[in-house]
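Each of the two complexes below includes subunit A, the first together with subunit B, the second together with subunit C.
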Partner chain A sequence: MNITEKILARASGKTSVSPGDVVFVNVDKVMVHDVSGPGVLAVFEKLRKKGMVIDKVWNPDRVWVAEDHFVPAADKISAQNVVLLTNFTKQFGIKKHFKYGMGQYGICHTLSHEEAMVLPGEVYVGGDSHTNTTGALGAFAAGLGHTDVAYVLLNGKIWFKVPETLYFKLNGKLPDHVMAKDLILKIIGDIGTDGAAYKTMQFGGTGISEMSVESRLTLTNMTTEAGAKSGIVEPDQKLREYLAERGVTKYNEVHGDTDAQYEKIYEYEGSEMEPIVAKPFSPENTVVARDLSSVELDKAYIGSCTGAKLEDLQAAAKILKGKTVKIRTEILPAAMSIFRKAMDIGLLKIFMDAGVVVGPPTCGACCGAHMGVLAKDEICISTTNRNFPGRMGHIESQTYLASPLVAAASAVTGKITDPRDLK
Partner chain B sequence: MKGSVIKYERDNIDTDVILPGPYLKIHDYAELATHAMEGLDKDFHKRVKPGDFIVAGKNFGCGSSREHAPIALSYSGIKAVLALSFARIFYRNAVDGAFLLPIEIDESAYKDISDTDSLEVDISTNDIKNLTKNKTYKMKPFPELIGKIIEAGGLFNYKP
Partner chain C sequence: MQPFKKIKSIATPLDKVNVDTDQIVPKQFLKLIQRTGFGQYLFYDWRFENGTPKKDFILNDPSYKNSKILLARDNFGCGSSREHAVWALDDYGFKVIISTSFADIFYNNCFKNGVLPIRVSDDTLQQLFSTKSEIEIDLESQSIMVGGKSISFHIESHWKKILLEGLDDIAVTLLHENKIAIYEKSHKI
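Showing the complex of A and B:
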């Protein structure tokens, strides 16, 4: 069995499972945020009307809550949703609730790794499609809707069809001007937005071994955009060190067997990779960044669970140091812990000297919620994960998806720019 | 189930157009319905009638996990979406929440069914009758567990 099959077999109490098997698995951790939390509460309300008594969750210590989409509260309704979350955690005795304005908080997927909320070998589900992100910690991590999360909260388990696994092998390191974002965009361009539908995307090879945990998280994050159920990387020394830095050393790693089966293996040569951009209106609409050098931009957005981790900010700072932006540019670190580190190592000064507005952690404009959404006809280069029509604002706005290096270089020139071409 | 078809001849109809992001903070089902398909078809809410079917291409419902998407369609009156394929979270949200039926059809049925056609869908026989064109197509049968959850009326009514 491969790592995903072994995790699902363990969690369903079976000695082995195969792709296509439908299993009820015991869940180790579950997350809701300020959109899915109120959604789950609406499901609870519906069930109560049918006579169900709901006065406790299956295990409050395995539930955690993030505030990220519409916070700091964007308007009255968003503020009310945050109040609902607070009441929810109070009522059910859920201790892990990351509240904005009270120390550490941020985008749920970022907290999952910054706070080591999920550990290798675990089954983790969240009320958000990018829950896949956390698979880079060697866990099975998948997104669910409100009804399913409500079911998990009450029963501690949920059904899954054991997915086939597509294995993406990266041979050798990526060049300095190429980031994990470029690789995952390239892969999505190659296989399409349903290229991994219902499947798991596993990443391995020497290039992945050399890659930081944060970069791996960028890969697993956007497996969602290929339709995948989950993305995963096997645990290694780099991950152990990453978790140890966060005070966690005890967990049960799962590794695939030496004869593990994969539906298909794709190989990529690190040295051949180039900066990639996905044009509107689909993440699969990819071209090399240099082909778009005539595209004039209105805005650059460096944010989200995909593109505002510490190394994403460091990449942007490398480009922006001593430069001035030519278009509106926003940088929103994905969690307070990252915001603080960025301050401590001087990145915020670089951003502000360049003229960038630095904002609080939030999903913000990535999902068109608030904090810099796009006007009609505005064109944005963004380190986020989706560029469907209207995703970041007006239905006639346009988003180009790119790495933080490309987004920062483009912010400096006002046109889509390969970082190698920045003078 | 009988109803008429609203056809969108395109693939990858994503949840951002089925129910745009700014409305994610809304959890009133009837209000969500007024914004259904707003990102793709501004006239959808004027046109849709209780019992209607949406017919679309592959990977319907891709993108975010928002259950708002099947909820908005369901409370608009849509009983089933007939598509070449579905994105996974939309599919399980539709079934587990008992909002609507995600029915997979093949390429020939997809091409043959036209906007405004009247259909009669019978999931016990997997037959889709096109009453306008006097033809019958086969839907892809639901996998065993999915069929049981649908029969039970959603995941909470299903006893494993």
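Showing the complex of A and C:
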């Protein structure tokens, strides 16, 4: 069995499972945020009206809550939703509630690794499609709808059909001007936005062993954009060190067997990779960044669970140091812990000297909800994960998806720029 | 939920690929706390301009008023996992969505809310797109009746049962945990 099959077998109490099997698994962790939380509570309300008594969740210690999409409160209703979440965690005794304005908080997928909320070998589900991100910690991580999350909250279990696994093998390190974001955009361009529908995307090979945990998280984050059920990377020494830095050393790692089966193996040569950009309006609409050097931009956005981890900010700082941005540029670290580290190592000064606005963690602009949305016809280069019509604002705005290096280089020139071409 | 019986209706042809859940219900409506009333926001940015219906959008064509079946191209329901998307389709009146493929989370969310997503081949979808007459969906026999012809479709047996009996997934599944364990042992899909 491969790692995904072994985790699902363990969690369903079986000795072996195969792709296509339906298994009823015990969930280790579940997460809701300020969009899915109120959605789940609406489902609870529907059940209560039918006479069901809901006065507890299956295990409050395995539930955690993030405030990320509509904080800072975008309007009165968003503010009310945060109150709703607070009442929910109080009522059900949920202690892990990362509250805006009270120390550590941030985007849920970022907190999952920054706070080591999920550990290797676990089954983790969340009320958000990018829950796949956390699979880079060697866990089975998948997004669910509100009704499914409500079910897990009450019962601690959920059905899964064991997915087939597509294995993406990276041979050798990526060049300095290429980031994990470029690789995952290249892969999505190759297999399409439904290329991994109901499948697991597993990443391995020497290039992945060389890659930081943060970079791996960029890969798994965007497996959602290929329709994947989950994304995963096997645990290794780099992951152990990453978790140890966060005070966690005890967990049960799961590794695939040597004769693990994969539906298909794709190979990529690290040295051949180039900066890639996805054009509007689909993440599969990819070209090399240099082909877009005439595209004039209105805004650069470096933020989100995909592109605002510490190393993403470090990559942006490498470009922006001593430069001035030519277009509106915003950098929003994905969690307060990252914001603080960026301050401690001097990145915020580099950004501000370059004329960039640095803002608090939020999903706001990435999903076009608030905190800097796009006007009609505006064009943005962004380190985020989606560029559907209207994703970041007006339905007639446009988003190009890119790595933090490309986004920062483009912020300096005002046009889409390969970092190698920045003078 | 209401048991799903036969549905007969004209089908609304939404000729778009990769319709993501943000097109189905734009983000500005996600903040609403209640679960009902999302139909008015369905395809909002495509349907309305400054609050006025856009004439060229298919849902605003009077011939598709009261349609219960939506046709769409590949990868319908991709993007955000928001269940509001299914709530909006259901509230608007769509009980069946037919496409060549669906995004996984959206597909599962449909069954939780009594909406039937049907996957068909490119040829079948093309045929449905080109018909102007009513089509009939019979879940029991897993067939689509169009122009006097019957086309069969596949659905996983547990989803079929949930829809046919109008089972409320959570409440009922909690009551039937043992049966699930037995079912799980005996079924592979």
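The working rule: the second predicted complex is superposed on the first by the 423 of 423 C-alpha atoms of A that agree within 3 Å, B and C clash if a C-alpha of one lies under 4 Å from a C-alpha of the other, contacts with A are read in each partner's own complex, and residues count from 1 in each chain.
As a convention for this text, a contact is a pair of C-beta atoms (placed from the backbone, for glycine too) under 8 Å apart; a residue touches a chain by one contact, two chains touch by 3 or more.
Small disclaimer: the values here were computed from a predicted structure and weren't measured.
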Fit-or-clash call for subunit B and subunit C when the two complexes are aligned on subunit A: clash
Touched partner set for A:60, first subunit B, second subunit C, both or neither: neither
Which of subunit B and subunit C A:280 touches, first, second, both or neither: neither
Subunit B versus subunit C as contact partner of A:359, first or second or both or neither: neither
Partner chain(s) touched by A:368 [first = subunit B, second = subunit C, both, neither]: both
Partner chain in contact with A:414 - subunit B first, subunit C second, else both or neither: neither
Contacts of A:21 with subunit B and subunit C, given as first, second, both or neither: second
Set of subunit A residues, in rising order, touched by both subunit B and subunit C: 22, 24, 35-36, 38-39, 41-43, 47, 52, 69-70, 74-75, 77-78, 81, 127-129, 143-148, 150-151, 161, 193-194, 197-198, 227, 229, 282, 367-369, 386, 388-391, 395
Contact footprint of subunit A on subunit B as seen in their complex: 12, 14, 16-17, 20-22, 24-27, 29, 39-40, 58-59, 62-68, 70, 85, 87-89, 92-93, 96-97, 143-145, 154-156, 160
Complex interface listing, subunit A residues touching subunit C: 20-24, 35-36, 38-39, 41-43, 45-47, 50, 52, 69-70, 74-75, 77-78, 80-81, 84, 127-129, 143-148, 150-151, 154-155, 161, 193-194, 197-198, 227, 229, 282, 367-369, 386, 388-391, 395
For the subunit C and subunit A complex, residues of the former touching the latter: 18, 20, 22-23, 26-28, 30-35, 45-46, 74-75, 78-84, 86, 101, 103-106, 108-109, 112-113, 158, 168-171, 173-174, 180-181, 184, 187-189
Interfacial residue positions of subunit A with respect to subunit B in the complex: 22, 24, 34-36, 38-39, 41-43, 47, 52, 69-70, 74-75, 77-78, 81, 127-129, 131, 143-148, 150-151, 159, 161, 193-194, 197-198, 227, 229, 282, 367-369, 386, 388-391, 395
